[in-house]
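Here chain A shows up in two complexes: once beside chain B, once beside chain C.
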Partner chain A sequence: MVNKRLKLNRTIFIVMLLAIWEITAHSHIFPELLFPSLESILSALIHELEKGTIVLQTYNSIEMILEGMIIGDILAIIISVWAMISRRINEYVTTLVSIMDPLPGIALLPLAILWFGTGRNSIIFIIIHSVLWPMILNTVTGFKTIPKIYLEVGSNIGLKKIKIITNIMIPSALPSLLTGLQVGWSRAWRALISAEMIFGATGKESGLGWYIFEKRFMLDMPGVFAGLFIIVAIGFIVETVLFEIIEESTIKKWGMTN
Partner chain B sequence: MECFLEIKELCKSFVSNGRYITVLDKISFNLHENDFLCVLGPSGCGKSTLLRCIAGYEKINSGKIILEGNELTKPGTDRMMVFQDFNQLFPWLTVEKNIDYPLKINYPKLSKIQRKELTSYYLELVNLDNFKDFYPHQLSGGMKQRVVIVRALSLHPKLLLMDEPFGSLDALTRYKLQKELLKIYEHTGVTIIFVTHNIDEAIILSSKIVVLSQHPAKIIDIITNDIEQPRLPGTPQYGELWNRLNLLMGLDKSIEESAALTREEVI
Partner chain C sequence: MNRWLIFLVIFMLIFSLTGCSTSTSGNNTDANQNITIRIATQYGLQYAPAQIMEKKQLIEKYLPGAKIEWQTFPSGGAINEALAANRIDFAFMGPPPFLISWDKGVKIKLVSSVQGGPNGIVTYRQDIKSIMDLKDDDKIAMPGIGSTQHIFLQMESDKLLNDPHAMDDKILSMSHPDAMNALLNRQVAAHFASAPYYFEELSNPAMHEVLTGREAFGGEFTHIFMVATEEFHNNNPMAYAAVYHALVDAVAIINEQPENAAKILAPIYNLSEEKTLKYITWKEVNYSSTPYGLLKMAEFMKKAGYIKKIPERISDIAFENIIAQMGKKNGEQTEIEKLQY
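On to the complex of A and B.
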C-alpha cells in the first residue's frame, strides 16, 4: 500500500516536472534552439529510433559496459577470495583499494590512450577500473562479516574449500556483493559516457556519449536531449528496476536484508 | 572392550590478553553407543569449548579424543553439531534444500528422487513437511531448530553434538522439543552429547550426566540417569537427582557465600 502511494507520488512529481518544462519551452524565455519543447525532443527520439543509429550506439555502449563489468567483477571476486587467505594479503589488497578507489575512471583516460590507443580497449580498461575497486571493497567487507556459524556448518556437512567459497561465502555475502555491483555499475556508466564523448568516433564502434557529442556539434538540441533521455532511461531501468528485481528474487526473498 | 567414544585427559586453553587461560583441565570420560550424555555445568565453564573440541572446531592442547578407535582432529560428518543460534540454516535455501544439499554433497550416488524421499521422511519426523518450501526466515525459532536436528540426522552421524539447542526457546516450545528429541533418540538410536546449564533439561533427556566445575572445567561427577520415562518433576527419583545435581553444581552454596560476602562488605 505504502509502496503504491510512493509510486503514485513519484509519477505525479515527474508529470509536474515535464509540465514545467513544457511551459518554459513554450514561453520562449530561452531560445528554442537551446531549450526545445517536449514534442520536438520526442519526435527527434522517434526519428532517431527509426533511423536506427542510436539503437546501434546504445547497443555498443551496453555491450562495452557489460564486457568491462563481467571482467572487472570476476576479477574482484577472485582478488577478494585471495585476500581472505591471509591477513597480510588482505592488508595489501585493502591498501591498494584505498589508493585506487578514489581515482575517477575518466582521469585514467590519458594513460589508457597511451597504453591501449584510442578505442574500445581503452574504454574497457576504464570500465574495469570503475567496477573493480568498489567491488573488491564490498566483497571483502561481505566476506569478513559472514557469520562464523555458516562456515562451521559448511565444514561440518563436509564441504571442501571451493564449495565453501561458491556455496557458502558467496551467497552469505550477497547483500554486499549486490551493493558492490550497483556502485560499480553507476561508476562505469558515467565513465563510459564521458570517455565516449572524449574520443568518440574511432571507427564504427561509437556509443551513446559520442552520439550526444555529435548532436551538440550539429546544434541539434532535440537530438542531444533524445540522447540524454536514453541515458537516463537506461540508468533508471538498471538501477531502479533491474537491481530491485534481483534483490526481490534473492536477498529480500531470503530475509537477508535488515 | 573398546569404547565407542573415549575422551582422555583433554586439556584446552585459550590465549587472551597475552595470558593463558585454561578452560578444560584433564577431562576424561567414556561413552557407549546409544548413550545420551548431558554435559551440565554453569554458564561460562567450558561446555561449548568441550563440544567444539569434539566437533573438531578447536585444536586441543593435549589429550585425546577417540571415536571408534580413530583419533579425531578435524570436523567431519560423523559428528554433527547443533548450535543454540537460530541462524544455522542457510537462509538462501528453502527448508527442503537445506536438508537436500548436505545429502547431495555426501551421497552423490543418490538420485534426485531418492533425496526428495529422504528429505520428506526427515521433515515428517519433526512434522514440518508442510513447510518444505519455506525459507528459514519464515520459520519460528523452534521450527528452525527442528530442521537443524533432522538435517544433522540425515547424514547418519555417529555422534550428535548439541550445544544448548533449546536455550533460546520459550519454556513451552523447549518442553515440546525435548519430547521430540527423545522420540527421535529412541527412533534412531543415535548417540548424543547434549550440553546444557539447565538441571531439569539434563534430568529429562539424559541417560548419563557429566557435571563440570568452573575455572577451569573439571569433571565433578559422572552420574547414570536411569529414571523411567516419562520423567516427571513430582516423582521422588526426580527430586533426589535434582537435589544431587544442584548440590554438585554448588548453586545454593554459592548463593549463601555471596550473601555472606555482601554481609561482610556491609560490615
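On to the complex of A and C.
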C-alpha cells in the first residue's frame, strides 16, 4: 500500500513539473527558441528516433559508460579489499581518495589526451576516474562497518581468505556497494557528456554528449532537450527498475534495510 | 498537499525571477548617457579589433559616459544562445553561426565585417598532400560542427567527392589551443587552424599546409563579422553609430599603425610584440569592414542543410551601413556586390 502511494505521489510530482514547464513555455516569458514547449521537444525526439543516429549514439554512450563502470568498479573492489588487509595501505588509499575524489574528470582531460590520445579511450579513462573514487569510498565504509563477529565466525569455520571476501565481506557490505554503484552511475553520465562536449568525435563513435553539442551549435533547443530527455529516461529506468530489482532481491530480502 | 503548494510557489518564483532580470534596451530620451552596451567577443587574433576597441576605449570616445560590458565567449554557439536570450547587444562571430541564428529567426543583422582569413589545414605528416590522402582513422581537429573551418572542409569535400558530408567522420571537435597541443604531440593528423595558432603551427618547420581556407572557399571570405540585435539598433541609433565607428577606428589602427596595435595585443595573447606584429601583418591577413563571400557562404550552407532559407537581398541580413557600402548600380551588380558570390 505504502509503495503504491509513493509511486502515485511520484507520478503526480512529475506531471506537475511537466505542467509548470509547459505553462512557462506557452507564457513566452522566455524566447521560444531557448525554452521550447513539450510538444516541440516530443516532435524533435520522434524525428531524431526516426532518423536513427540518436539510437546509435545512445548505444555508444551506454557502452562507454558500462565499460568504464565495470573497469572502475572492479578496480575499486580490489583496491578496497587490499586496503582492508593492512592499516598502512588503508591510510594510502584514504589519502588518495580524498585527493582524487573532488577532482572533476574534465580537469584531467589534458592528461587523458596525453596518455590515451583523442578518442574513446580518453573518455573511458575519465569515466573510470569519476566512478572509481566514490566506489572505493563506499566500499571501504561498507567493509569497515561489517560486524567483527561475522569475519571471526567465517575464519572459525575454516573459510579461506577468498571465500571470506566473496561470501561474507561483499554481501555484508552490499548496501554501501549499491550506493557506490548509484553514485558512480550518475557521475559516469556527467563525465561522458561533458567530455564529449569538449572534444567530440563525429561519425560512428560519437555519443549523446556530441549529439547535444551539435544540436546546441545549430540552435536547435528542442533537439537538445530531446537528448536530455533520453538521458533522464535512461537514468530513471535504471534507478527505479534495475537498482530496485537488485535491492529487492538482495538487501531487502535479507532484511538489511529498514 | 500543503507541501506541494509550497513547492509550486518556489518553482514559479525561480522561473519568473530569471525572467525579469536586467534587459537593458536603453532609453531614447536619455541622450545615451546612461546606456549599457553588452558586447560579446571571442579569443583569437581575428577578433583583434574588438580588443583594440576595448583597450583604447574607442566607443567611449563617441559616447562619453556609456557603460560597456565586454564578455569573452568560448564559441559562436554560446554567443547564439546569448543573442537569442537578449543578453547581449553586439557580438563578434563567424558567418556560419550568424546565418544559423538568422535562419532560426533570431532578430540580428550584420553591422560590419571585421577580418578575413587566413586559415588552413596544417599537418606534420609528409604523406598528406590533400585531404584525399587522409586515412580512415586520421582525424582533423577543429572547433566543431558548423564552424567556419567545418564548412570549408565540407566545401572542399563537395568539390572533390561531390558530397559535403563525406569528410564529416574525420572531424574531432576541440578548441584551437587544445587542437594545437594535440597536433604538436602528434595525436591528431591535422588541425584546421586559425590565427594565432595557424601562424604558430606554420612557423614550425615540421609542419606544412594541406589546404587554405581561401582555396576551399574559392575566393576571398570574411572570417569574422560584427552583428547586433535589431532591437538595440532600432532603439539606440546613437549608440549603434558609436560602436560601428569605434570598430572602423580599430580596423584603421591595425592597418595604419600595426606596431601600435601589436603593443596593445601582445599581452592579451601572451606573445612578444614582434611576433604579434608579424601575425597581424601576415600575408593575406585582411582587417576590413567590407564583407566578402557572404551570399556564397549562405548558399552553400543551405545546400549542406544548415539553413532553410537564403537571404533574398542584403538588407535581410545587414544594417544600412553595409547596404550603403554595397552600392547599387542599375542593371548590373557593383564590384562589392560581386564579391559576395
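One rule holds in what follows: the second predicted complex is superposed on the first by the 251 of 258 C-alpha atoms of A that agree within 3 Å, B and C clash if a C-alpha of one lies under 4 Å from a C-alpha of the other, contacts with A are read in each partner's own complex, and residues count from 1 in each chain.
The criterion applied here is as follows: contacts are C-beta pairs under 8 Å (C-beta built on N, C-alpha and C of every residue); 3 or more make two chains touch, one makes a residue touch a chain.
Note that the coordinates shown come from a computational prediction; the quantities given were computed from them, not determined experimentally.
K.L.:
Putting chain B and chain C on the same copy of chain A, do they fit or clash?
P.N.:
Overlaying the two complexes on chain A (C-alpha atoms) leaves chain C and chain B fitting together cleanly.
K.L.:
Please name the chain, chain B or chain C, that touches the greater number of residues in chain A.
P.N.:
The partner that reaches more residues of chain A in the superposed model: C.
K.L.:
When the two structures are overlaid on chain A, which partner does A:Pro171 contact: first (chain B), second (chain C), both, or neither?
P.N.:
first
K.L.:
Quick one: is A:Lys253 in contact with chain B, with chain C, with both, or with neither? Answer first, second, both or neither.
P.N.:
first
K.L.:
Which of the two partners, first being chain B and second being chain C, lies in contact with A:Tyr150: first, second, both, or neither?
P.N.:
first
K.L.:
Determine, under the contact definition given at the top, whether A:Met218 touches first (chain B), second (chain C), both, or neither.
P.N.:
Touch partner of A:Met218: chain C, not chain B.
K.L.:
Quick check on the superposed pair: does A:Arg87 touch chain B, chain C, both, or neither? Answer first, second, both or neither.
P.N.:
In the superposition, A:Arg87 contacts neither chain B nor chain C.
K.L.:
To make sure I follow: the centres are taken over C-alpha atoms, the vertex is chain A, the ends are chain B and chain C. What is that angle to the nearest 10 degrees?
P.N.:
If I round to tens, I get 160 degrees.
K.L.:
Report for A:Gly158: first if it touches chain B alone, second if chain C alone, otherwise both or neither.
P.N.:
A:Gly158 sits against chain B, while chain C stays out of touch.
K.L.:
One more residue to check, A:Arg5. First (chain B), second (chain C), both or neither?
P.N.:
Touch partners of A:Arg5: none, neither chain B nor chain C.
K.L.:
Chain B to chain C: minimum CA distance in the overlay, Å?
P.N.:
36
K.L.:
Residues of chain A touching chain B in their complex?
P.N.:
For chain A paired with chain B, touching residues are 147, 149-150, 152-153, 155-159, 163, 167-168, 171-172, 174, 250, 253-256.
K.L.:
Chain A touches which residues of chain B in the complex?
P.N.:
Chain B reaches chain A through residues 55, 57, 75-77, 79-81, 83, 85, 87-88, 90-92, 101-102, 105-106, 135-138, 151, 155.
K.L.:
Please give the residue numbers of chain C that touch chain A in the complex, ascending.
P.N.:
4, 7-8, 11-12, 15-16, 19, 75-77, 80-81, 84-86, 97, 100-101, 104-106, 139, 141, 144-146, 168-175, 178, 181-182, 185, 187-188, 306
K.L.:
Which part of chain A faces chain C closely enough to touch in the complex?
P.N.:
Contact set of chain A toward chain C: 12-13, 16-17, 20, 24, 29-31, 33-34, 110, 113-114, 117-118, 198-204, 210, 213-214, 216-219.
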